[in-house]
C-alpha cells in the first residue's frame, strides 16, 4: 500500500497532524506547517514529472499510479487511488495553495488548533483528488467540509457564526443529494448480474447505469457537487462564508474547495452518466450561465471586498460548470484550466484582502482609498490579481476563458447547425459578456481601493507587506503567470485525459 | 421435559449468574466493602462480555433453538447481545463515580440489580420467538427501568420522570397486548413461526390494526414518533447514567427486537402493511425529533431528541429487510452506542463535578476543559455523521442498506432522511459552537474528572475513531448476517 | 531570415518592462530613464533594420519576381492548442504593413521615451514620482503594440490587443491619485473591453467556420517551395467565403454569418480606434501624461483598429456590406469629431477629437478601397495616412506637451501669444498644423489627397463629405494654432518663470518629427504598401507621389484647406467678436458640439442608471433577499415549525398517550384504507 | 342454542362489565372507582367461569380482586386527603378522551365485526382443562408449554419487588 | 339466540375504551392506574374468548392471560410505589402537577 506514491498525499497531512500534536510553540508549528506543505508541493511536482514521463512512453491508461486496497469488502468499497492529468493539475493547485496559505496565516491566533483544522481540511482535499472510489471520494469530500465550520467560527470575523453555520449546512445539504446519487450509482454500476462497484473507472467501463436512472441520479450528483461549485441558486453560502472566513481559509476554500465541486461534477456526474448529461445539460447550462453573469453583476455593486470576490468566484466557478456542461474536450480543458486559474488568482485575492483587512480593519471600499500610496507592494499584487481575474493575456485567466469560449462556441455552433436549438450558443455569448462585467467590477475596486487620494488619514501609518506575506503572494503570482505564459503545458496535461471513451455517448 | 435446554441460553445464564453474585454481594458483604460493588459488577459484566465473544467464536454456527422454538439464539443474536454488553460495560464504567457518591449509598446494589434484570429482559426480547416470552422480556426491560429512573431521590424531576415513564409504559403495553390479542385471534398461536405462516394469506382491517398496535407497543420503547413523547421528559429527569443506559442499550435492544418481530412475525405483510407504516414513522420520527432537538438547551433533553431522530435512522435498517440492512443496523447501533456514550460521559462528568447540564453552561468549555470538549465534539460529529468518525460510516451504510431494497419510494425516503441530517448537523454544531466558538466566560471551571469517567470516555472516543476506519467491524458483522436467520423469512 | 532580430524586437521591451518593473524602485530615476530609452533605441535600430531588409533587400522571401511583396512568417511557435486545427501560435509575420508599423511604432516610441526624460520632471528638474514605473509601462506598451502588429494570426492579435488595452489603462491612470485620471483609465478599459467582446465573438465565429486563426490561411496563399512565405490573395478569401456559403451557414437578421463575423471584428476595431459610438474613452484618455497621449492615443494604439481591418482586408472585400458599414461609421465619426473639435477648450481634447477624425479618414479610406480602382488605392492611402498621421499627430501632441509643461494647464485660454516665448515649439506646431490641414508639401497633404481620391473613385457623396471634413480639420487646427500662439499673452503671475522652450530631450523629438512631417509625404508608399503587395508604380523617385497626384482632386482639397485656414485666420488671429457671433447664430449646434453631442451623458445614463441601477442593484437585492432569503427561509421555517409543534411535548402524559393512541389508530386506519 | 339461564347470565355479566367500567372511569370519588373496578374484575372472572376456565377465574379473583384492588385501596388511603377525592374534569380533556375512546371502539369494533368467521364463531363443546394438564403445560419445555416464561416472569417479579422496595424506601 | 364470540369481545372492547377514556381524562394518578387495569383486563378477556371460541384445542390464550395477570400485578405494584413516592415529594397525586419538564 505504501509503495503507491499517491497514498502519501494523505499520509503526509496525517503525519503533519500528528506532528502538530507535539508542538509546543509557534515556531515549531510553523516549522511543521512549512515542512509539510513543502513536502506536499514536492510530492505533487514529483508525481507530475513521473506522470509525464510515463505518458511519454505511450501509456494510454485512463489513470496512472492506480492502486486499490480492499476496505469494506462486502460492500466492494476499496481505497482506490489513481490520477490523470486533471487530478494532477488539482493536486498541484492544492499543494500550492496550502503552501501559500501556511504563509498567509503566519501570525494567526491559536496556531495549533488553526493548523490542525487547516491540515485536516487539506487531507480531505488531497484525498478527494486522488480517489477513484466513489465512497472514499465522498468521505474525503466531507472531511474537507467540516473543518470549515470551526475555522470560520473561531477565527473568522463579522457575522461568523451565521456564516459558518450557513456555509456548513448548505454544503452538507449538497452532500445529502450527493450521497443519494452516489449510492444510486453504486446500485446500478454493473450490468445485470455483474459485481457492483464503487470504482469510477469500472463504472465508466461498464457504462451500465440505465438511462432512466441516469436522469434521476445525474441531477442529484450534479446539484450535490454544484452547491460546492457555487451554482446559482445555491451559491449564497459563498459570499457570507468568504466574508467571514480568515485569510488562509478563504484562500483554501475559494482556491481549492470550490474546485472539488467542479471536479466532482466532471468526474462523477458527467463521466459516469454521459447520457443524462447530454439530455439534461440544458437545465444546468441555464443555471450556470445565469451564475456567470449574475455573479458578475452582483459583484458590481457590492462594497465589501470579500463579497465582491465571492461573487466574482460565483461567476468564475459558474464558468467552470458551464464549460463542463458543454461536453466537448476543448471546453472541458478550459474548465479545468479555469479551475486552476481561478484557484490561484482567487487565493491571491483573498490573501491580499486578508492582508489589507489585517491592517485597515475594514473591507468596505468606500472607507478606503489610495492604498497604492500606502502599501504599494500589496496594491501592485492586487492589480495583478485583478488583471488575472479580468482575463489579461499573460496571466492565467485569459487562457482559461478563451479555451472555454472556443470550446463552448464550438459546442454551441454544432448544436445550432444540427438544428437542436441555439441554447448553448446563446448562453456562450451571454457568458462571453462576463468578460466586460468582470472588467467593470475589478476596475471599480482597483479604482476605489488602490487609486485616488488616501481616504482615511489614519491609514497613512500602515506598513507594507511582511516577508512571509510577500512570499505567499509571490508564489501565487508566479503560478498565475506561469499558467498564463505557458498554457500549452497545462493544456496538454489536461487534454490527454479527455480520451474519446469519455465522450462515447456524446458522439464526439 | 428437557431441562438441559436451558443450557442453550448461555448468555442469559451468565447474566443471571452476575445478577445473583451482585445480589449476594450487596446483601452479605460488609458495609465497608460495598464501595467495591461497582467495580465488582463492571468486572463481572466484562467477563460476561468476553465470555459472550468466546462462546460466539466457539459456537458451531447456525441457529440453536430451545423450548420448541420459543427461544432462539444464533451467532448474529449472540453478536447483538455482545454489542449490548459492550455498551453496558461502558455505561457501568461511566457510572462508577455516580454510584459511589454519597446519595447512592443506599441504592447502589439495587441500581446494578435492576440494570441487570432489564438487560436480561432485552435478551429475552431479542431471543424470544414467542409473544409471551417477548412480552415478559419487554416488561422486564421497562418496569425495573422505571425504578431506576426514580433512583435520584433528591431531584423532583427524577420522580416525575418515573411516573411518566411507568404510566405511559403500562398504557403502551396494554395497547401492545390488545394488538397481540387480535393477532392471537387471527392465528391461534403465539409462536412467531406459526403466526408467520398463518398470516401469509390473511389481510383484514383487524390484522392491520393489530400490526399498528404492535408497532406502537414496540415503537414506544424505541421512541418512534408519535409514540415518543415520554422520551424527553424521562431522559431529562433520570439520573445521567440511567439516561445513557436508556438511550443506547434499551433503544438498541428494542430496535433488534423490532426487526425480529416485523420480519419473523409479520414478514409476509411487508409490502402490503408495515412498509408503508414504517415509511410514515421514519419520516415523522426523524423530522419531529430533529425539530424538537433544535430548540433544546438542556443537554440531556437535547440528546433525548437527538436519539429519537437517530432511532428513525436505525429504522432504515429495518425497512431494508435484508442481510445488509441488518448488518448496517447492528453497526449503526454499535457506533451509536459509542458516540452517545461519549456524549453522555462528558455530560455526566460535568454534571457530577458541577451539576450543570444546560448548553449555555457549555459556552467556552474548550478554554477550561479542552479534553472534555474535544470528546464531546467527536461525539457530536460522529452522531452527525461526519467523516472520518464512525458515525459517517454507519450512516452511509444504513442508507446503502436501505436503498438496496430497490424501490423508488426508498430513494425518496432516504432523501428525506438525508435532508434531515442537515437539520441534525445544525443542532449538533450548536453544541460545538457553544464549546469552541462562543466567547463567553465559561461557568464550568477546570476540573479533573474521575478515573472511571476518563476511562469510559477514552473507550468511547476510541470507538468513535476506530470503528469506522477499521473496516474489520463492519465486515465481520456483514459476514455474520449474511447467513443469518433473522431476515430469512423476509427474504424468502 | 534570422529569427534573432525579430525575437529581440519583442524581447527587449518585454525585458525592459520586467526589469524596470521589478527593480525600478531600487535604481535612480535617471538611470531608469536612460535604460528605457536605450532599450527602445536598440529596438528602433533593429526594427529599422528589419523594415529595411524587408522593403529594400529584394530577397526572394520578401518580394517575388513580379515585384509583389510577400508575407514572410519569421517564426511561429505553438502557444495554446485548442483542437487539432485551432491553435494559438505566437509568431512574427513580416509583410508591408507590419514592417511599416514596426517603423512607426519604434520611431514614435523612441521619440516619446526621449521626450519623457524631459517632460516627466518639473521645472526644478525633479523627476516625477513613479518615473521608473512610467518607463516600465512604456516598455510594456511598446512590447504589446509590436506584438500586435507582427501577429501572424488573429488570436495573437487579440492577445496583444488586450495587452495594449491594459498598458493603455495603466498609462492613462498613471497619475493614480487624480480621481479623474482613474475614472478615465477605467472608462477607456471598459469601453474597449466592450468592443473586444464583439471582436472575440467575431473571432470565434470566423475561426469556427474556417478552422484557423492564421492570417496566412485566411487571406493568403502560400508560395510554393518557400517555407513561411505566402502571398496576400483574394483567392483565399474566396475560399473562406466558400466555406461560409457551403456550410449551410444560416443568415442572421438578413446578413450572412461572414458579414456578421466581420462586422463584429470591426466592432473591436471601433473600440480601439475610437469610432463612434465607442469613441468616448479617447478624449478622457487625455488624462494620461502627454507623451503617452502622443504614443498611444495618437500614433499607435488607436490605429490598431485600422490595422486590423487592413489585415483582414481581403476578407472584407468579400463582403461589401461590411465595408459599407465601415465607410458609414468612419464618415460619420470623422464629421462628428471634427465638429466637436471646433468647440473644445482643452488643447489635448482638440487633438484627441482630431485624432478620432483622422482615424475615421483612414477607416473611410479602407471602406472605399476596391481592387478595381487603382489597385485598391484606398488601402494604400489609408496606410499612408496612418503613417503620416502618426508622425504629425505625435508631433502635435509633443508640442502640446511642451506647452502644457511650460504653462501648467491644458486649457488654451490660458496660453495665448506664446510664439515669442517658445519659438521652436511654435514652428513645430505650425508644421504639424499645416501637415494635418493638408497643405502641400507637408505629409498630410499627400496621404489625405490619396484618401479623397479613393473616395472620389468610390462615391461622389462620400468624396464631398470627406472634403468638407478635411476643411473643418484645417479650420479647427488653425483655430487652435492662433489661440495658442497669437492673441495677446497673459501676464505671468509673480514668482513664475515666463514660459520658455524646453530642454533638448524635449525639443529634439520635436525637431525630428517636424522634419519627418515635412518630408514623409514623398515616401513612395504605393510601391511599398498595397493591399496585395502589388506595386503601384513602375519606377519610383523622390517625386513619384507628386507626379501621381490627381490634380483635379488635389487642387480642390487644397483650396478647401486654404479657405478654411483663411476663415480661421479671420476669426481667431486676434481676439474679436466673430466667434461669439457665430456661436450665437447657431446656439443649438454649438451647445451640442461643445457637449460632444452628449455622448458621455448618454453613457453615464446607460452604465449608472441602466446597468448599475436597473440590473446590478436589483440583482444584488434579489440575491440577498430572494435567493438568500429563500435559503434563510428554510432555516426560519424549520425553527418556526419547531415552535409550532412545541405543544406536542406538553409535559402532560395524558396528552402523550392521546397522541400515542390517535397515532396508532391513524397509522392502522390509513394503512388499512390504502391496502385493503 | 344456549340455555335461557346462560343467556340471562350473559346479559347480567356483560351489562355489569360495561356499566361498572363506565362508572369506574366516570365517578368522581376515587374510592368508588376502585370499588367499581372490583366489580368489573368480578364480572371478568364470571366470564372466565362461563367459558369453562375455572382455574383462570380463580386466579383472577385471587390476584386481581384480592391483591391488586386491595393495593389500590391502600394507596388511595395513603395518598388522598379529605375533600381531595372529587375531581372536576375539564370539558376539553373529556372531549379528547371521549374521542380517543370512541375512535378506538369504532375502529376496533368494526375490525372485529368485519371478520365474520371469527366474530360470530360459536362456542364449541369443551370441558375445562384439568389441573394436571395446566400444571404440565406450565412446567413443560415442549410446544405449548411454558417453563421458560414461567422462569422469566419470576425474574420479572423479583425485579419489581426490588424496584418497588428501592422506590418506596424513604432514603 | 346463540352467544357467539362477538358477544364477549364487544363488552371487552368497551371496557378497554373505558380504560382509555379514564386514562386520558382522570387527573388522579391512581384513577389512571385503575383505568389501566380495565384495559389490561379487557385484553385478558379477549385472549380467553379467542382461545375458547376459535382455538379450543390449545391453551395459549389462557396461559397468556395467566401471565398477563402476573405482569399486571407487578406493574401495578411498582406503579403504586412510584406514585406514593411522588406523593411524598409533591404532596399530591394530581397528574397535572407533573409539568416540571416539558417542551
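Which chain is which? They are A, B, C, D and E, in the order written, and residues in each are numbered from 1.
As a working rule, contacts are C-beta pairs under 8 Å (C-beta built on N, C-alpha and C of every residue); 3 or more make two chains touch, one makes a residue touch a chain.
None of these values were measured; they are calculated from a predicted model.
Among the remaining chains, those touching chain A as well as chain B are C.
Comparing each chain's Cα centroid with the centroid of every protein Cα atom identifies chain A as the most central. Taking each chain's centre as the mean of its CA atoms, C is the chain most distant from chain D. Here the two chains linked by the largest count of contacting C-beta pairs are D-E.
Between the CA-based centres of chain C and chain E the separation comes to 96 Å, rounded to the whole angstrom. Once the centre of each chain is set as its mean CA position, chain C and chain D turn out to be 102 Å apart. In terms of their C-alpha centroids, the spacing between chain D and chain E amounts to 6 Å. Averaged Cα coordinates give chain B a centre that lies 32 Å from the centre of chain D.
Chain B has residues 132, 136, 139, 143, 146-147, 150, 162-164, 167, 171, 175, 178, 182, 185, 204-205, 208-209, 232-233, 295, 426 in contact with two or more other chains. Within chain E, the positions touching two or more other chains are listed as 16, 19-20, 23-25, 32-33, 50, 54, 58, 60, 63, 67, 71, 74-75, 78, 81-83, 85, 95, 98, 100-103.
Multi-chain contact residues of chain C, defined as those touching 2 or more other chains: 635, 646, 649, 651, 653-655, 657-658, 661-662, 665, 668-669.
Chains that are in contact with each other form these pairs: A-B, A-C, B-C, B-D, B-E, C-D, C-E, D-E. Only residues 163-164, 167-168, 171-172, 175, 203-205, 208-209, 211-213, 215-216, 220, 225-227, 229-230, 232-233, 272-274, 276-277, 280-281, 288, 291-292, 294-295, 423, 426 of chain B touch chain C when the two sit together in their complex.
In the complex of the two chains, the chain D residues touching chain C come out as 93, 96-97, 100, 103-104, 107.
Of all residues in chain B, only 324, 327, 381, 386-388, 392, 396-397, 399-400, 403-404, 406, 411, 414-415, 418-419, 421-422, 425-426, 429, 432-433, 436-437, 471, 474-475, 478-479, 482 touch chain A in the complex they form. Touching chain B in their complex are the following residues of chain D: 107-108, 110-112, 114-115, 118, 139-149, 152-153, 155-156, 158-160, 162-167, 169, 171. Within the complex, the chain C residues that touch chain E are 646, 649-654, 657-658, 661.
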